[in-house]
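The structure is given below, and queries will be raised subsequently.
A, B and C are the chain letters, set down in written order, and residue numbers restart from 1 in every chain.
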Amino acid sequence: MLEYKMPSLGADMESGFLREWHVKPGDRIRKGDIIAEVETQKGIIEIEVFEEGIIGELLVNLDEQVPVGRSMATILTEEEAASGKAIPAAGVKAPIPETAAQAVPAEEGAQRAEGPAIPEHAPESHHIRASPLAKRVAAEKGIDIATVHGTGPEGAITRDDVEHAIAAQAAPAKAAREAKEEAPAKPAIPKEKTPTPATIPDTKAEVASPSIPEPAAPIPTAKASASADTIRMAVAAAMGKSNREIPHYYLETKIDMSKALAWLSETNKQRPVKERLLPAALLIKAVAKALNDIPELNATWENGLQRKELINVGYVVALRTGGIMVPTIHETDTKTLDEIMQALNDLIPRARALRLRSSELADSTITVTSLGEAGVEVVYGVIYPPQVALVGFGGITEQPWSENGMLTVRPILTATLAADHRASDGSTGSKFLTAIKNYLQQPDKL
Amino acid sequence: MNLNPDQVKKLLSQMLLIRRFEEKAAEMYTKEKIRGFLHLYIGEEAVAVGVLQALQPDDNVMCTYREHGHALVRGMEPGVIMAEMYGKLEGCSRGRGGSMHLFDAKTKFYGGNAIVAGHLAMAVGLGLADKKLQRNQITCCFFGEGAMAEGAFHEAMNLAALWQVPVLFVCENNLYAMGTALRYTHAQQDLEKKGAAYGIASSSVDGMDLMAVMQAANEAVDSIRQTGQPHFLVCNTYRFRAHSMFDAELYREKKEVEEWKQRDPITSFKELLLQQKMLNDEDYQAIEKQVQQEVEQAVAFAESCSFEPVEELLKYTYSEKAN
Amino acid sequence: MAGNLITYRECIKQAIREALLADERVFMMGEDVGHYGGAFAVSKNLLQEFGPERIMDTPLSEAGFVGAGIGAALGGMRPIVEIMTVNFSLLALDQIANNAATLLHMSGGQFNVPLVIRMSTGIGRQLAAQHSHSWEPLFAHLPGLRILSAGTHEDARHMLAPALADPDPVIIFEYTSLLNMEKELPEDLTGVDIQKAKVRREGKDISIFTYGTGVYKSLTAAEELAQAGIEVEVVDLRVLRPLDEETIVASVTKTNRAFVVEDASKSVSVSSEVSARIMERCFYELDAPVQRLCGAEVPIPYPKHLEDASVPQPAQIVSAIKTLLQHA
């Protein structure tokens, strides 16, 4: 048995009204016969049949509206018609499937009609006029954009405004102005060894300590840009937290720098002044390579030890006006000595001018401080939370040195490690310092 | 024109193939296998068969959106055409054209053009290229009488005559431009005169009579090949079915349709052959059976084909070969 | 260096001549291109040099000869069809939109249309409403076409060859107001990339995206802004379809500010499109809202002062950018 269904005569035809049957049950039909007349929006159309057989039952009444695809009649084979039992009224009068269009629930359709999902903004940014870039940078750096003063079109906050706010958290505008002056640096550091262990840093003993407050303890920014106290407050907050929370342990080793200095001197001979390498580049690279070997120290402590994938060494820059900045040398282990030197040449003056980008201030995974130029021999640092280690380098001094049973005088550098005892133990720290020492014995391989 | 029994059977079977193929297409349309517009050629078969037999394989063919018959006669596979109407990947235009846009490079079949008269100027251009490249080819361009009211027809005629390009313009005058009769659309209903007005050799013929169409087409094609100049041929014919599927045919009397059906080109040619003892009933049944089989195979093929993955949506907007 | 100066008109002519010499299949047709020497004297003497088979005068019959160009391209030729000005192009729009742009696709990749259509475009000669159209956006709307805008002498000279080498239909917009302008042409340049936009001037503070007559205007404005310490990057979009999104994104990512300049009227324009793409691709790079300076929403009037006021001028670009950058 076949069903004759309301034919589709056009993509825009959804249904038709049955106006006339041209057949009745029992009629023999042939392909191409007109079976009925159906009225559509375009008028009455004769509909034809594409099968052969005998009309079983007519399922649609005159003037009924019939959706496309709905059964209108049954068509029987000769055998079915002869058997007489093939007019199964119940079967064909079963509920008729609706067309696809009708089957879509109204609500679902309404939902689809809505526009694309719009990412939600933090509620507080809703009424703030800021450029998308400014908002993005602020979000990345954990700056509350509501506290940033806008200088862009119609008072909108621009990226520069956000960058200034970030810098202002680290240093006052006054400092920036003074930094531009050519006044010679006056190291406020005693020539003698700094006392051990270091405690909370103070301005006179410029102990390595990072300048950026952690996001959890934001410094008020609204007035910050004008206040010389801001940077001091930031250092105070971070170091206070470090000293309260981090159980520091300290290790120290002396490193013979004769090979390193000889290599540097040889290398620099062939270079113009601008491209010459300083020992700091070697020290930073040695630290980065040592971290590759002892990754436990390239980490943060935030609800447990979080090892960091990238080795980003932060390098402490002392500001001439007091205070410090710690620019980051990203992916230090992958950089050549030249690249590290270039980074330092770029970062140090900008740090002193308070012109660092926020990403250069926030991504460090370990901190290195070198106070050699200031004249001290040994540095005991305070870790910048949430980092777990800080490496301090003193100045290189000529010292008696015994080697192979012979005593001689060598340029000696004292390296110290301040490490978080929650994150590592002395043996790890010891391996790390030893690794630094070994790398500095093979300067050509750094 | 001398036709042997094999040739006449082929002509008859070509006309019958168009008829049965399109009947099946109509069926598949009502079953929603074929969508979009579907314009049937039923009733006009003698024109496509009669004109196209005069062409060589190298010649170009351009048609309207009522082109299934031409595509079949030109030698495109029925299955590939049906697959195209199904929107399948294996269709002649990878399913991207559908019923109105059959294309085939192998048989130099340039569509399937569905803006009335829009392809006439392109036919002039194809002729121009042949002329410039000194290829001994002609371009055969079919259109309906509705196209002759378009500006594009007149521009194309003028250029064809001006540039003397080897193009055969075939007007399939089926008396209705969509649903409006000739008398309501043309001030000058003697259509042949419109070609002549441009200085183009023009003729007209009874499009329901296969032999007459063949005769006229052969003469026209011979003249184009000899002179390199265009020809305008009007074939007066009639479509038995509606303009497209969704058409209540309010614009013409059933009686008129029935009268024209008395002049069915297939029945007429079959009767002629029976009468002339070129064909017997058995032969005819064999042809019917053969054609039916081809149509069934075409449907089976189309059903078995696949749809192009939607990831390939953007293909063929620009050529893939980089320059 | 006066010896190296060349007019925009001569650039176009040299390009056509070079194309005709390079490939026998190339021919040019259009209204008045032959005996008259070109409505703008672009093809002067080419008929004498190449003969009537290669430089074909056509009747005033845009639909006819553009359609014939498409057919000839299908038939193996490489036609250059000149539509005298864009103002007449709508007479051929069906051929362009329904045939040239669609045949490759409709035929499932079987029939490509290697056709080049050139049209003179734009405002600037007091020709009033029907002869001053900037309709690049209209054509840039159509998938299947490559739409080029020759806003510089360099492109007028070197876009045609790659356009003819393209397997698909290409429309080149040329600018009547530039025809007599003389510029130096880099001698070593042999071709231009018709896939890519072109950065005409590097800058870091703001990007101007423009095309056509906007290119020289923007470069003039950029020069003046540089005096004020504003470094403007000028990007000549030049390929209006398919739009070179990557160059746009790269420039916005660099400068964080975008400014779009065009002669076409603002609504539903190339600048609308560029602006929307910037929103889609680089919203979070933007440090200021995208701004536009476009043609006025008016049929172009005849009097000079009103005509000038209908399209962006360099001074307006300068002042709009200063405002955007909050420049004192």
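Please note the rule applied: a residue touches a chain if its C-beta (ideal position, glycine included) is under 8 Å from a C-beta of that chain, and two chains touch if they have at least 3 such contacts.
Nothing here was measured: the structure is a model prediction, and the numbers come from that model.
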Revision key, fill the gap. Most remote chain w.r.t. Chain B, using mean C-alpha positions, is A
Check your understanding: Taking every chain's C-alpha mean, which one sits closest to the mean of all protein C-alpha atoms?
Key -> C
**Study point:** Inter-chain centre distance, chain B versus chain C - centres from mean C-alpha coordinates, in Å
**Key:** 40
Review point. Just how far, in Å, is the C-alpha centre of chain B from the one of chain A?
Key: 63
Check your understanding: Which residues of chain C touch chain A in the complex?
Key -> 256, 283-289, 323-324, 326
Check your understanding: How about chain A: which of its residues touch chain B in the complex?
Key -> 7-13, 31-32, 40, 42-45, 47-48, 50, 68-69
**Study point:** List of chain C residues in touch with chain B within their complex
**Key:** 27, 53, 58-59, 61, 63-77, 79, 94-95, 98-99, 103-112, 143-144, 146, 162, 165-168, 242
Point to revise | Of all residues in chain A, those that touch chain C in their complex | key: 131-136, 151-153, 156, 158-160
Practice item. Using the touch definition up top, name the residues of chain B that touch chain A in the complex. Key: 23, 26-27, 29-32, 35-36, 244-250
